[in-house]
Amino acid sequence: MKKLINTPDGVVQDELHGFQAAHGDRVRVSFDPAMIVRIDAPVKGKVGIISGGGSGHEPMHGGFVGPGMLDAACPGEVFTSPTPDQMAEATKAVDGGAGVIHVVKNYTGDVMNFDMAAELGKGEGIEVETILTNDDVAVEDSLYTAGRRGVGVTVLVEKICGGAAEDRRSLQQVAELGRRVNANGRSMGMALTPCITPASGNPSFELADDEVEIGIGIHGEPGRFREKVGPASQVAERLMTPILEDLPFSSGDRVLAFVNGMGGTPLIELYVVYAEVAKIAQQHGLRIERNLIGSYITSLEMQGCSITLLKLDEEMTRYWDAPVNTPGLRWKA
Amino acid sequence: MSISRDDVLRWMELFAAAVAEHRAELVALDTAIGDGDHGTNMDRGMRKALERLGASEQADAGAALKTVAMALISSVGGAAGPLYGTLFLQMGSALAGNPEIELADYAQAWRKGLEGVQARGKAQPGDKTMVDALIPGVEALERASDLSDGLRAAAQAAETGMKATIPLVARKGRASYLGERSRDHQDPGATSTYYLFEAAAAALAG
Amino acid sequence: MKKLINTPDGVVQDELHGFQAAHGDRVRVSFDPAMIVRIDAPVKGKVGIISGGGSGHEPMHGGFVGPGMLDAACPGEVFTSPTPDQMAEATKAVDGGAGVIHVVKNYTGDVMNFDMAAELGKGEGIEVETILTNDDVAVEDSLYTAGRRGVGVTVLVEKICGGAAEDRRSLQQVAELGRRVNANGRSMGMALTPCITPASGNPSFELADDEVEIGIGIHGEPGRFREKVGPASQVAERLMTPILEDLPFSSGDRVLAFVNGMGGTPLIELYVVYAEVAKIAQQHGLRIERNLIGSYITSLEMQGCSITLLKLDEEMTRYWDAPVNTPGLRWKA
Amino acid sequence: MSISRDDVLRWMELFAAAVAEHRAELVALDTAIGDGDHGTNMDRGMRKALERLGASEQADAGAALKTVAMALISSVGGAAGPLYGTLFLQMGSALAGNPEIELADYAQAWRKGLEGVQARGKAQPGDKTMVDALIPGVEALERASDLSDGLRAAAQAAETGMKATIPLVARKGRASYLGERSRDHQDPGATSTYYLFEAAAAALAG
């Protein structure tokens, strides 16, 4: 294992020190419990939005803290959801009197830890609403699974809800909007290579030189199946077909298309994939009204990509376009 | 024969040692069907638990278990943090203020812990989780008439339950994403639960 | 070789199609000769700024086309500098009557091709000034080399000159400013892994599992030496020491610190490195007034990083802060 | 014996074929001390050159060489594009309008080409570049009294020059960044230049 780290156990602490050194003018980094908080939090009268999750997915979530997006993020250890006291502290830190949203990706650990935190938050008289993201069509949503994973749509939920909260929409309105984004978003991912967590030092799975893993999540888990590597057009097809069928998306829909890199894939390849996504979308009569291309929700140094499609409505589009000023996503500010 | 506060402290030390010793094994099991952090998570948590146990006087066995619970909840994260946290919290509550813990009290505390874990995680037997080691362990204790024998039987039953997770297809937790591909792997959480019973047998079986 | 591409020969074309599909509202992509041009070019009365270079360094340069940065970029094949007709066309496309700047990285191929283009541009009555970047301290600047390579500082030159041009500074002023940025910037890079060009299909060099390559450029070339992998603190030291000694930087200097990923390194590691850079800067009494952290000038999927330090003056800082609206770098717009 | 337009066309076909055949070798040489694109670059360029030669009538040998030059300049990029472009452009200019190219004319055209390459790239002999194959090749031609023998001698001299780049430390181009580490590798540009002389000998030596 070769990584730009000091020690496997210290990665998250060291990264937070770097984050503080780089962005200390716009966020407050605390170490015990670990959290990254907007420097002007709590913003009075604004719904606070927090998220959290294991580290190793950067820029998500810490890189999305700032005006127009998150008020705080709670980083766990690598691929390990954070603990309830982190979320409870963050909830208090961002409560401006209008209540607090928890954006939670649907993983057993995240859900349980956020649940415990919400119980604590409520105990202190803070109104908390949870938005659970579960957009990964690679997972069957049935009694036989922990339900679908929350992946790419999480980034979109955080941006759009951030815009709405900045616009002083109420807790219920922001929560409802976030749930609508999740309900109208679908994702699927694939890997060319595994990743290596610093603590384990070993690849998360073994892939032959000509194999790809289809239907992966963002924690280095193996996917649904593997196959021989094909051209980008085939990869795009593999990911787009289940996405399009699932919602389903239909001709005339306006969508946001998000091609996400898993951390180790260069931008040039994401644009090659985007070209294929645009072709397929056109064949299906979809109108891509907004797009996002880059590595925003990652799996350490894994090579691969995920595709997220979100069926847009007017409100989502408006808050997607609204100013955002975070280290990871920034425009009009 | 009964269980004292110091017995519980020794139990936790042995569990922490087992987790540290088997850290890499737990990581490897979790890499196969999960995200490869179960060993690191439990090791970090149990080190924090020992630290907290050492930092202040524990009134009794129940208080000690609650201390462990809070340490795990605030340091483990992931699925294991809330689940083990709940297990120890429920056990600690059941035993609070009880200076002379008899087999029946102890078995009942485990039952409460198990119920807490199932309430939190909604796992049923056969879902390929820690519950599959927990249930047979608790039931063996409940059937026992002697503490020492009962703990040995519980550890054995947990081991059997742990091994029985191998052929299962996971229906809860991260491994469930794999569907059929989760078969033929031993569940990491069931494995750490087996070590918990083993540590109990070694520490409390007198 | 596993990549998200269709065919090795078609990568650049396919990427440009993706770029056009994604950003067609803000740039015009042309394919023969290949170039990406600001949609409102030429901007009347504004100095035009173009750059170009081999592909495989994304987002540089195409991702930096837009208000506040480049007017056009000319992508060559992967790691192959573009041809004179591309630069000549781009020069014409962006000439708003105030002259055109060519930002050229100091590589034999780039220099010669831009030279030929400038000769053509001049032939058509367009005033052209060239800014040559050569900030890589890993290369000896002597008669025995092709001179120092242009690396990280190129991104800073393009941003700062872009700001100045938007502010309607004259051709001479923008050129002088860009040369000052180059003269006050120093960089050095390292690799944890090689990269693989689509056309060759083979790793650009072989590294053992515990080795790193120090002093690499951005074309997969081997570096100056290799050594056993050490902690991030050691990597930062290896890169910072020659940088600090070279200018030299001295106590009290205000600097911009740029930690750049080579394409396959995840953001979490770049922040770990940034923490070390900040420490070293502080030990030397440098004041980091601005920073940039991310993968902006890359080498396909190579893992590793480079560090660039720029000694800031008031004018550079002002134009660094000025609005920029490109796919790769965006703020205040 | 003299060189006709069709001889030049055959020469370019053979050169294109050689470059295509040795594409992987040139890439491998350039991977070792450069950026691994020399084979791809030259292959792309020569395919374009043949396309252009086929697309319109070439007035004479000089015109054909200029067509090749322009094709290379607008499709190769990198260092090789301007350098080979300049080589053929200078040769083409020197031979323009000459329907009956004798050995002396031809040798002089190569000399002009070499001068152009050196003016563009500033490389001296021993810098480990294509110039190290070009100079001995041109000099052999200049010494020759017979076209056929002269071309064979030139190819041989270029080969010797190419091999002589192996122990050199590069002082120009990308390989110069490597300093001492550029030693013990054959220069890719010198290698393609050797193939250019080889093709000339095969096509023009009658």
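Note that the chains take the letters A, B, C and D in the order they are written out, and that residue 1 is the start of every chain.
Note that in this section contacts are C-beta pairs under 8 Å (C-beta built on N, C-alpha and C of every residue); 3 or more make two chains touch, one makes a residue touch a chain.
None of the values given here were measured: they were computed from a predicted structure.
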Count of contact steps on the shortest path from chain A to chain C: 1
Measuring between mean CA coordinates, which chain is farthest from chain A? D
Taking each chain's mean CA coordinate, chain B and chain D are separated, in whole Å, by 75
Which whole number of Å gives the spacing of the CA centres of chain C and chain D? 32
Whole-Å gap separating chain A and chain D, where each centre is the average of the chain's CA atoms: 54
Sequence positions of chain B contacting 2 or more other chains: none
Each of the following residues of chain A touches two or more other chains, namely none
Which of line, ring, star, complete and other names the graph you get from chains that touch? line
Provide the full list of chain pairs in touch. A-B, A-C, C-D
What part of chain A is in contact with chain B in the complex they form? 33, 54, 76-85, 107-109, 112-113, 115-116, 138-140, 143-146, 149, 197, 199-200, 202, 204-205, 217, 219-222, 224
Show me the residue ranges of chain D that touch chain C in the complex, using the header's touch definition. 27-28, 31, 33-37, 40-41, 44, 73-83, 120-121, 169, 171-174, 176-179, 181
Chain A-facing residues of chain C, complex: 2-7, 11, 14-19, 21-22, 55-56, 58-59, 63, 192-193, 209-210, 212, 229, 231-233, 235, 263-276, 278, 288, 291, 293, 295, 298, 300-301, 303-305, 325, 327, 330-333
